[in-house]
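Sending over a structure as structure tokens; questions will come in a sec.
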Amino acid sequence: MTAYSTQELMIIAAARQIRDGERIFVGMRLPITAYGVARLTHAPNAVGLFESGVARYEPADGMLYTMCDGPNQLGAAWTTGLIQVMGLLSGGRVHAGFIGGAEVDRFGNINTSYIGDIDKPTVKLPGSGGAPDIAAMAERLVIIINHQKHRLVEKVGFVTSPGFLDGGDARKKAGLPGGGPAVLITDRAVLKPHGPTNEFHLASIHPGHTLEEVLQNTGWALQSMPDVAETPPPTKAEMAALHHIDKEGFWRR
Amino acid sequence: MILNPYPKIDLSRTIRLGDKPISSHKLTSLAEAIAAFVPDGAAIVLGAALENAVPFAATHELIRQGRRDLNMIAPISDISTDMLIGAGCVAEVTGAWVGNVSGGMGHNFRRAAEHCLPNPIKINDYSNFTLGMAFFAGAYGLPYVPVKSILGSDILKSNPKIKLAEDPFSGEPVALVPALKPDVTFLVVQRADRDGNAHIWGSTGLTQEASIAASKIIVLADEIVAPEVIASDPSRVLVPGFVVDAVCHVPAACHPAPLIGKWRRDNAFFHDYHKETRDPEDFARWCAEWVRDLPDHAAYCSKLGSQLEDLRILGNAPAAAANYAIA
Amino acid sequence: MILNPYPKIDLSRTIRLGDKPISSHKLTSLAEAIAAFVPDGAAIVLGAALENAVPFAATHELIRQGRRDLNMIAPISDISTDMLIGAGCVAEVTGAWVGNVSGGMGHNFRRAAEHCLPNPIKINDYSNFTLGMAFFAGAYGLPYVPVKSILGSDILKSNPKIKLAEDPFSGEPVALVPALKPDVTFLVVQRADRDGNAHIWGSTGLTQEASIAASKIIVLADEIVAPEVIASDPSRVLVPGFVVDAVCHVPAACHPAPLIGKWRRDNAFFHDYHKETRDPEDFARWCAEWVRDLPDHAAYCSKLGSQLEDLRILGNAPAAAANYAIA
Amino acid sequence: MTAYSTQELMIIAAARQIRDGERIFVGMRLPITAYGVARLTHAPNAVGLFESGVARYEPADGMLYTMCDGPNQLGAAWTTGLIQVMGLLSGGRVHAGFIGGAEVDRFGNINTSYIGDIDKPTVKLPGSGGAPDIAAMAERLVIIINHQKHRLVEKVGFVTSPGFLDGGDARKKAGLPGGGPAVLITDRAVLKPHGPTNEFHLASIHPGHTLEEVLQNTGWALQSMPDVAETPPPTKAEMAALHHIDKEGFWRR
């Protein structure tokens, strides 16, 4: 029996993507919790950025429904405009960003805009927000998504936020300054781009999940990295930090 | 005298409200301001600050006045745009995100985009940063801004206004985002004087650029204060009073969104809206109850009653003092 | 792992000062900060706020340390650039105006431009707004900004970096101002904590854009305060501490320029400088007396004595309170 | 005998260029005094803009050496950045601006940069500041300069701030949005652009000065407008306003 939920494992895996001293586009929900864990463990000097115009050192003390809520602004490092904070990103000063989406494909392109035809979509998704900017400009992109066949697809119908586009050096040719997707964290596994095509490969499988299950739930013929392993479980320190932040056990359910 | 090829600046924007004389102040009711400055078909910004300080009181008043064919421009404005779409007020949506930050998707936005209900809408896609640059260009007289951060995105296909080009300095690809000039921008501020001079604190999203880019600016002030209060701290002014067209005293204009130091977010209200607007009939019922059947924002606040009072911020976390003395 | 084509961000800019470890604060002496971050040949901004908050203490320290071949970038920085030129520290001047706002022309600037004394200088002309757009582009990752306000000016001839082009949307002429990224920007603030988080009020010119565009940022704080003071009002932060490289506690760093709420302008000092630097020998004498023969800014302040004390602002014209409470 | 100095007359003439409710780039010295007179007389709703990032309703109470001095910021309408205030200009929201210069030519082009060769100037002037931006973008430009033959020249050696360039529609062809020079106020006369060439013509001569003297001190063959007259002397109300502002008689000397 593990002493952590799948979502808690995902949060810890995400937290490990943050290095000390880095400036991170945090986003809401799971990533903001991951940011809090990273600050309390290995990255005490990380800085969290929010596209509405907020930058913080310490994570907010109090429940956040949106990045604009009072607790995210009280005691912030900076409350300012969108251009100032997203400008740090555009200006090359942001190390990593977290984004999610409805669909991601084998080259890490993300769709949060349209399922189906643009002019007559089957599903009109809410849209891009700042995700394309983060995907284009951050040094590393961390993608978080639930591992289902209709979400991890061969090719997204609409590239809201660019990954490696058609793979290989397509991203570089398109003139994108940021490094592109570095990792894709799901509720079953961790995937990373690998080889000259930059196609996402299986990097590790979460404890309790199987290779077969992962393959069945991926929308393309997922290949494995040479050293594919089990996702390292949370350490005691990481879980202690997470429990400190998530006092009410929201992510334990 | 010389021939002036320059488009005349409309003096009325700073010194008149409707037919009031030039020495008058700009304080008016929200209903009057909207009647005077927002025609059918206008391109308007409601909620340039993203998820705080959303001018929901103006959203409701636009619905009550039955405005049609609006172009709603905003980076992210939570459920404000969704309400206006459901009420049949919207022909175009220009921005980066439309939905319900607490509940997920916006049912009315989906219905309009997927099924043309209650009417078809045109969608002009932007990312947050490119929309910011479009407002910046509109505000400060730049014809366009060359941006890297939208390269590789299919937004370049869905929004043909943004042109792919070559940077003549480096030869690298760049996307040219043309200036965007709204007809009217609404903004919610913590306090203003009756001439439109206002203080805002907390994060501001694209409020400054969206306001300066607009032909008309309507301020919704949580509190009206003496001019001396605003003048005591001119660095806390985001948009100067002399470009503001109307000031409306509308406490809790932001509900259910938060306003820093004044009102907390009513998260349950967003969830309820999500549940209660799944079908067009449900939305019509919701809209009648919370908007159409109420005469104004004061009635909306009364209807909320203690639910609103519970969101009022009573504590004090004061900003450190700042001194402007000259001797 | 993936191949990352992106230029590595220098982590040292936020978490190290020289060889100090990452958890250390950034408080250091001005002499140390300049020794660590300003090499010969650097492109530096001193005085982006125009005529207030000019970091004259840094001007003097650069002269004392004998820095050479600097490129001085500023819109208008009063006599700061003139001093550095006279002291032989400058190879290039990039900006809109160099002189003495009280006295008129800057004698050293003229001597260098007209007679290559003490050395020739290259002049890169900008107007204030085009310099602002160059910093804006440098700060926020735009390759260039298309501007109308320099059309028709011979600055397009004297500064070939600005390209005349056609707006692809309208076909009209437009001038493309490329991004400008200084090596180091100095800024004077009313108060900062030891991690570089700072409050500024009053007009700020191009301080924000020139700072964010720079590789290194050095803050000269009139007062060092507890982190809680700055955190109490994050909307009064112009440049966040996490991009600042060094904080120096230098009261009256701005003398003879003013700092809002702290120090009045020493107008007589500007006039005296104008009178006392007409000839190279006179400037050498002035520079020895006021800069080279003094060990640091504290000694400069002592030498000024009551002349400086008379400029200290003792009154209080407080900004209205602002509340960030969340409940 | 007149009860006003030449400089006082110039201030009044400049004040009359400001219309009520207008936003004006004021500058220092003579124009800021003119702004104060206008506010106290016919333009109580004018707004003064300063490129450092200041906007004011009431003129400053207290001596100003620069636009950045404390008295210009205390009680201002707005203290902000240069881009915000000059952006109002660039965005077409500014009605008029005042500028001076070392040289102005018959088409209102102004030089504040170089006398002589650019690479080896006889006189290196301080430079442009924001004057080119004001000259390019303001709806009307008001030029103030001393009336001397070497200042009012046939053609400036360097166009720092554009007037009508080579005259006629050259300015429009160059793509300049603002209306260009509307008036040139000197210590001897008022000149205005006239006719299809937009060349500066004599509009009025200050009391106590003669046509001959004006012509002798102009560096080109100055023509007169059809209705050339005497510059209207200050009214009692204008002088009262000026004396209220200039309590120490700085401009009376």
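In this document, chain identifiers A, B, C and D correspond to the written order of the chains, with residue numbering beginning at 1 in each.
Going forward, a contact is a pair of C-beta atoms (placed from the backbone, for glycine too) under 8 Å apart; a residue touches a chain by one contact, two chains touch by 3 or more.
Nothing here was measured: the structure is a model prediction, and the numbers come from that model.
Among the remaining chains, those touching subunit A and also subunit B are C. Between subunit B and subunit D, the least number of touching-chain steps is 1. For the interfaces A-C and C-D, the C-beta contact count is higher for C-D. Between subunit B and subunit C, the centres computed from C-alpha atoms are 36 Å apart. Distance from the subunit A centre to the subunit C centre is 38 Å, each centre being the mean of its Cα atoms.
Centroid to centroid, with C-alpha atoms defining each point, subunit C and subunit D lie 29 Å apart.
Centre-to-centre spacing of subunit A and subunit D amounts to 57 Å, using the average Cα coordinate of each chain.
Residues of subunit C in contact with at least two other chains: 133, 141-142, 147-149, 172, 174, 201-202, 208, 232, 235, 260-261, 264, 313, 317, 324-326.
Of all residues in subunit A, those touching 2 or more other chains are 54, 69-70, 73-74, 79-80, 83, 87, 89-90, 137, 177, listed in ascending order. If touching chains are joined by edges, the resulting network of the protein chains shown has some other shape, matching none of path, cycle, star or complete graph. Pairwise, the chains that touch each other are A-B, A-C, B-C, B-D, C-D. Per the touch definition, subunit C reaches subunit D in the complex via residues 49-52, 75-76, 78, 95-99, 101-102, 104-106, 109-110, 113-114, 123, 125-130, 132-133, 136, 147-155, 157-158, 172-174, 201-209, 257-258, 260-261, 264-265, 267, 270, 313, 317.
Per the touch definition, subunit D reaches subunit B in the complex via residues 20-23, 44-45, 47, 54-55, 57, 62, 70-71, 73-80, 83-84, 87-93, 95, 137, 139-140, 172, 177-182, 192-193, 198.
Listing the residues of subunit C that touch subunit A in their complex gives 1-2, 4-9, 11, 14-15, 22-23, 138-142, 197, 208, 212-213, 231-232, 234-235, 237, 240-243, 324-326. Per the touch definition, subunit A reaches subunit B in the complex via residues 50-54, 65-70, 73-74, 79-83, 86-87, 89-90, 113-114, 118, 120-133, 135-137, 158-162, 165, 171, 174-177. Subunit C contributes residues 133, 141-149, 163, 165, 167-170, 172, 174, 176, 178, 190, 199-202, 225, 229-230, 232-233, 235-236, 260-262, 264, 313-327 to its touches with subunit B in the complex.
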